[in-house]
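In what follows, a structure is listed as structure tokens, so that the remarks can point back to it.
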Amino acid sequence: MSVPYKIEASEELLVGGQNEQTRASAKVPIIARQFVSERALKTLDIVEKFVEEECIPADPIYAQQIGEGIANRFSAHPQIIEDLKKRARELGLWNMFLPKNHFKEGAGFSNLEYGLMAEYLGKSHIASEATNCAAPDTGNMEVFAKYGTQEQKDKWLKPLLAGEIRSAFLMTEPDVASSDATNISLKMHRDGDHYVLNGSKWWSSGAGDPRCKIYITMAKSDPDNSNVYRQQSVVLVPAETPGVTIKRMLSVFGFDDAPHGHGHITFDNVRVPVSNIILGEGRGFEVIQGRLGPGRIHHAMRSIGSAEKALEYFLARANDPRKKPFGKFLHEHGVMLERVARSRIEIDAARLLVLNAAMMIDSKDAKFALKEIAEAKVLVPDTLLKVLDRAIQAYGGAGVSQDTPLANMWAHGRTMRIVDGPDEVHLIQLGRNENKKGKFFLDKIEWQKKKSEEMAKSYGIEKRDILQLDRQHSKAKL
Amino acid sequence: MSVPYKIEASEELLVGGQNEQTRASAKVPIIARQFVSERALKTLDIVEKFVEEECIPADPIYAQQIGEGIANRFSAHPQIIEDLKKRARELGLWNMFLPKNHFKEGAGFSNLEYGLMAEYLGKSHIASEATNCAAPDTGNMEVFAKYGTQEQKDKWLKPLLAGEIRSAFLMTEPDVASSDATNISLKMHRDGDHYVLNGSKWWSSGAGDPRCKIYITMAKSDPDNSNVYRQQSVVLVPAETPGVTIKRMLSVFGFDDAPHGHGHITFDNVRVPVSNIILGEGRGFEVIQGRLGPGRIHHAMRSIGSAEKALEYFLARANDPRKKPFGKFLHEHGVMLERVARSRIEIDAARLLVLNAAMMIDSKDAKFALKEIAEAKVLVPDTLLKVLDRAIQAYGGAGVSQDTPLANMWAHGRTMRIVDGPDEVHLIQLGRNENKKGKFFLDKIEWQKKKSEEMAKSYGIEKRDILQLDRQHSKAKL
Amino acid sequence: MSVPYKIEASEELLVGGQNEQTRASAKVPIIARQFVSERALKTLDIVEKFVEEECIPADPIYAQQIGEGIANRFSAHPQIIEDLKKRARELGLWNMFLPKNHFKEGAGFSNLEYGLMAEYLGKSHIASEATNCAAPDTGNMEVFAKYGTQEQKDKWLKPLLAGEIRSAFLMTEPDVASSDATNISLKMHRDGDHYVLNGSKWWSSGAGDPRCKIYITMAKSDPDNSNVYRQQSVVLVPAETPGVTIKRMLSVFGFDDAPHGHGHITFDNVRVPVSNIILGEGRGFEVIQGRLGPGRIHHAMRSIGSAEKALEYFLARANDPRKKPFGKFLHEHGVMLERVARSRIEIDAARLLVLNAAMMIDSKDAKFALKEIAEAKVLVPDTLLKVLDRAIQAYGGAGVSQDTPLANMWAHGRTMRIVDGPDEVHLIQLGRNENKKGKFFLDKIEWQKKKSEEMAKSYGIEKRDILQLDRQHSKAKL
Amino acid sequence: MSVPYKIEASEELLVGGQNEQTRASAKVPIIARQFVSERALKTLDIVEKFVEEECIPADPIYAQQIGEGIANRFSAHPQIIEDLKKRARELGLWNMFLPKNHFKEGAGFSNLEYGLMAEYLGKSHIASEATNCAAPDTGNMEVFAKYGTQEQKDKWLKPLLAGEIRSAFLMTEPDVASSDATNISLKMHRDGDHYVLNGSKWWSSGAGDPRCKIYITMAKSDPDNSNVYRQQSVVLVPAETPGVTIKRMLSVFGFDDAPHGHGHITFDNVRVPVSNIILGEGRGFEVIQGRLGPGRIHHAMRSIGSAEKALEYFLARANDPRKKPFGKFLHEHGVMLERVARSRIEIDAARLLVLNAAMMIDSKDAKFALKEIAEAKVLVPDTLLKVLDRAIQAYGGAGVSQDTPLANMWAHGRTMRIVDGPDEVHLIQLGRNENKKGKFFLDKIEWQKKKSEEMAKSYGIEKRDILQLDRQHSKAKL
């Protein structure tokens, strides 16, 4: 079998010398290229090769190593992921997500540079984990690195950075409208040197994995605080703490995402030492706001990669000689080609929006990029789902089944419109920010109208569109 | 009356010290900023001030100076445009469109830099003409500069660069499907030292203006050439040439766009000297392809400006205290705010696509940026029309009438999906280009599947989703 | 010239014996057919012939008889409309809009039957007026017939029914959010035997026509009434009353709709006798609610006709042998055919919605059909605009210009999303009505869940999706 | 627990006497009501009660009785379905799908009447099977009833009508573009008194159920026939025939639809007696065309019910007091209410389209209703998916998980755009049919233009939009 990508020699990247296809580094949009170091470009090509040649072929192996039966699936740890992790470290692909201007622990790339890499990671189910760049660990590691005490870092950040354990972020709750985080209501009170937690969480992604050892947990510690943004705290809860029970695993359009999974977890008098607090009591909002920004960009860029993969599948099908309805290749049906083109446009526009947001973060921090991140958060999943829907339709039955990755990608993509805040919340916040300029625009337009009237006078012009039709005297005067 | 923008001191750009509003140079997307020179940034602010303070207030004056009655409207030359041109030259705003790396005659900006300026020019009906950056003169000047003989340049380019005359580009024809340029069929044959032209053209934009002196005209000179891209020539036809008649002016959704206008022109044995040929016989396609690229970017960026203006109007209305249906400002109705947010996202994504395309042109030439230009050509008008539609709906009756510029902007925006090639043509070309990679993707996916099978063997895995249900013996085997 | 439609012999309705085309009566959706009388079916065919053979060819004549120049255009009364009215009366096509179960003055058809006819009237600019079925006269006549005193009927209804005068309905105002009718604020107070009116109205459609003699006017007579729906009155204002001035005419996307037009009218101490009140003081809302229902159905069905006409134009273009981009008829481009098909589906669905609403009105009255009317009011213009947009795109430049009726139809169609209440108002009311069932559905779903739990017990089933993962002891229990 | 629906007394259908909610018979669109017999109306109410009170609560029981593990899931036969079948027969709800004017074996309802019932069946996963109205048995029974020999009927139709066995329809194949049925290529040749079959099929829905005993199979019996519509035959293959293997079961967005399922089946020298042919060799297309029409209407009406259920869930969530983001019920957020309203409109329009199609079938047969069926086939799934997407978004995480039926409904709804021919095939056929009128419309419009010119002459009018701008002499002539 000939090898399509050769990691050692990125110059000969192509299958059988095909010229249409260029390597990842050559496909960076021109407007972003100058901001990507030579080292990052080289790494990007290695990421592409690693994903296309090693991770994507491994995706089905991983699926099969998980096994069958819900109890098995959530205690499995596929061997292949460890083999890929080993390989990734050899290739220097490890912890690329930690941005260089904020963290010394990472691989030394900017958010923009990592964003480009994340696009390729998004093409494989397991490439992110293989390079220790998988959510929710990435955001959790950022929390530890930014806000953790030395003790917390030693205990949790170190093994996370080494890929030895995994972690979960427990925020969403089943009994409240979690899209408004002030509603979070897991009970937390201090009892001596401990905090005691009671209540339940769900959509605790990653909690299914037996290697998931630590839950970063948002709880309501001060429900009576007049400032609703000071009622919450974030506290560390080791997975093995007595009183913690994973009640059940949630499915996503029929997929269980094992062993990672999405847990529904109950807390029954769960006690953790007070030293497990992050940043301090009442500072929960501070923690989650610091956490979410870059993570949304990672999701967005992986989604761009997912959209590209969908388009690749679409194009493969359009050129499949076995699939010729009405005597023509799918690509000879104009409707299909127009969908391909629209997909190309929409993906390219969405990618630029994400890269621009990544640069905003790089230039300062995630808070500074609030608008840009929200824009990407809303546009990208919408784009991804459109492209996937077209690809699925081109495949027909194969598109909705296990024979292509499209249905699974769609299910995952659909959740992107919900996780980390549903579209509606981001849109209303974006809308409110835009609206702040409304009064200025109202004044400006008024000013321009007045200036126009003054100009009219200076030119000796009377307003022309006044046609007085004096019906009483049955005649029109211009 | 207090002045909102002070051209001399760009630091004090704001109305009444409002902080939400920043000047143009500060709103350049971060990913593009580094490619904009200090001089261009400064000019950009001056463009914004000139447009907002002088051109937009002058728009209604211009409309009123055109007068009434079709004969008047197409012989008018409003005084205000000459006053604005004088002012623009004082401010150094002249011929900014001619890109520095290709033409020495221009103001020395890149396509990216001019693109940013064009956004602001797009907010006023007359700002482009006031700065001698109006279509179709811009593209026509590029044709002269790139392909003209010295004699042609002296006679036509010089007065065009000086803003003394105007020009038209005659391509589209009423009796063929002009979306496919090979159909162009104005007859052209050589008779001694002259070419003789017969037939008709329409959508000859700008031909209504009495100052329009020269028609750059595409004709079929060699209908029997086996190469359909060598059958056409481009030739110069002075407007006053005997046999040329503007049969009528076309309207756009009820607007006549006087005095500029869109002409339907007939050619009845029109004779021009053979020296009027551009580049040479049979090279028409070469000329039009070289012409159209940057022009599409100009259109696109002006459309971005138009979309921004629509959003400004939308926000102004949303904050108009006289317009409170059901006791609430429009911005207090969630539906409106979501539309504002979606508009913001869509405009920002579209702008990045255009700027990226401009950079592609800057990096080499328009041909190199074929894909990027086509992407912008399709996405931007679609975005503009969506934003305009929302703004119009927020205004109700005022939105469709002469009381806002929105209806006129919409009519103009709608033509953008047709001029310079309809959406469908660009989509099919984009689709075909993408499709070239189809075979590669098909092979790659096959390769990945085979590799996966090999990996499965090496891990001792049998394919798991095979459930053999042997109905004959009524039992299932996993 | 052969005649395509022969009114006398509806059996031979077709051009040149073409078999694909059937007459109007044969195209009534099967689900509605049984509700249409033989007489109505026959009239329907006559309407179709009259519109296709006499009105549509007359449309350009009408446009040309209006002339040029704003003063001329609003004093013109094209002769052709009187000739068509004479012809329509000969054919028995007069006042078909007045429904038989509510008014004795009409032609004796149901709303459903007239709805079917209105579809054909909607294909010509002037067919509605030619048959005395034009808005706003239709709604105004209904007001007179339902609520008028005998004196009011004699003076205004009689000449309106005879097509001798025209009328306007003055509701919308420029200075308030008229989408919420409680905001209407034209001042009205009683002074002896007169009411005195002050303020302004706009979008007074039809007021431009010199034959428009009476304004049915909504005004605020009791601004302090605690019931906001009792503050308004509707009063008759003859057009020639001193103090009434048509300040100017409004345009719609550049069209002035002359001579009908849309007036901006000022009231300066306008005095009318108290006997001019309709129904009584404070009963304005009652009047306008009784007026609007059927009118919305008329608009909707005319819009269906407009959509059909757009599709006819689209198909004509798709088969125009002069218009073959890339060597193929437009109908050979799959993208075009798919758009044709989608248009067909959307029009057919929208028509059924309107006909169902018409039947609801027929079965009782417009109030009973509130939901159905609102549904049609929102869906139909949206459908019309989509179909028109596709047709325009197929025509390219001809589609936006005066060479097809499409641009004018689009402009008119766009206003349909605004007039008689913008989409948003109808949607919010529909939404609120639907939401009344929310509590019931919540209870029902809860009840079903509880029942399910009881059934589970009776079948000895434990809930299956509970996977308890006891991380403390590192094991999973199913 | 109080009972919301009492089957015995349909007058007291409501939960707690709520007045907003009315029973099914009262919700029949007015335009369809007259075509529904009293008996059908009464049955409709019983269907509604049976579904809401007995089937929907049983849905989770059914899911749990299937069990876990792929081998188990496809050998399970949940007891509850037999209990429900018994109950349905008691209530007289059995085989309602067989239309009265075509089959004597059914319950004696028209397609329109059954369509109304199917809407309610579509609200439960198992109600269709419980009433012996489930696909693909329904279509298969129609095939037997229409085309079967007495022997075939005795052997297969009888137990199918009695609900004792189930069946599958094997058409789609993995290795060809099955959207074009002429591509079907399962090999079939005659060998003595037997046909021998070789090849594979997939998306053989229902084949997973151990009670599925007979496969109606389309095969290519005469590949060289010059008429591509005569190359196929339909033949009966008992599930237990040697050589038949269910290779694997396909999933739909992660759902396996067990035990019904979607099989991938291989044929290895499968021999069936020649008496197993349906209708005769080469008549396969005849059989499948006769089969598909009504089935598409059933699917469509069940999808309408699914959409109604989605809207019910949406409204329930919008009124859930535990889910109040930003301090307000979801229904107090205007964006949500507008989505509710749009859903209401779209569902109502789509339902009318289906009912109209059902009436067309009733009036003659499915072939006569080709256009109407195709319209419903395309519009309904599109509508369903839009409504479901909005409901899912309102639920957030619960919407994509097993906690609501929405995700499963979505997955199933998505396949509706593919099964029985993808959208694109129906659109192209619809488009082609519409296009047949194109030439007529082209001629008509030409005729109208000529007539208009004649009228212009008779009125003494010259064409007005000709503005001759004679540039040579620099003046305009009107």
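Letters are used for the chains, namely A, B, C and D, taken in the order the chains are written, and counting of residues starts over at 1 for each.
Rule of thumb we're sticking to: a residue touches a chain if its C-beta (ideal position, glycine included) is under 8 Å from a C-beta of that chain, and two chains touch if they have at least 3 such contacts.
Everything numeric here is computed off the predicted structure, so don't read it as measured data.
Chains that count as touching both subunit A and subunit B, per the definition above, are C, D.
Interface comparison, B-D versus A-D: the pair with the greater number of contacting C-beta pairs is A-D. Per-chain CA centroids place subunit A at a distance of 36 Å from subunit D. Rounded to a whole number, the gap between the C-alpha centres of subunit B and subunit D is 46 angstrom. Shared interface positions of subunit C, i.e. residues touching 2 or more other chains, are given as 68-70, 333-335, 338, 402, 424, 465. Of all residues in subunit D, those touching subunit B in their complex are 69-71, 74-75, 207-208, 210, 239-242, 244-249, 263, 333-335, 338, 465-472, 474-478. Contacts from subunit C toward subunit D in the complex involve residues 1, 4, 15-16, 18, 20-21, 29-32, 34-35, 52-53, 56-61, 63-65, 68, 79-80, 311-313, 315-316, 318-320, 331, 334, 336-342, 344-346, 348-350, 352-353, 355-356, 359-360, 363, 371-372, 375, 378-379, 402, 424, 426-432, 434-445, 447-452, 454-456, 459, 461, 463-465.
Those residues of subunit A whose C-beta lies close enough to touch subunit D in the complex are 68-70, 172, 174-180, 183, 202-203, 250-256, 262, 322-326, 330, 333, 335, 392-393, 396-403, 407-408, 410-411, 414-415, 417-418, 422-425.
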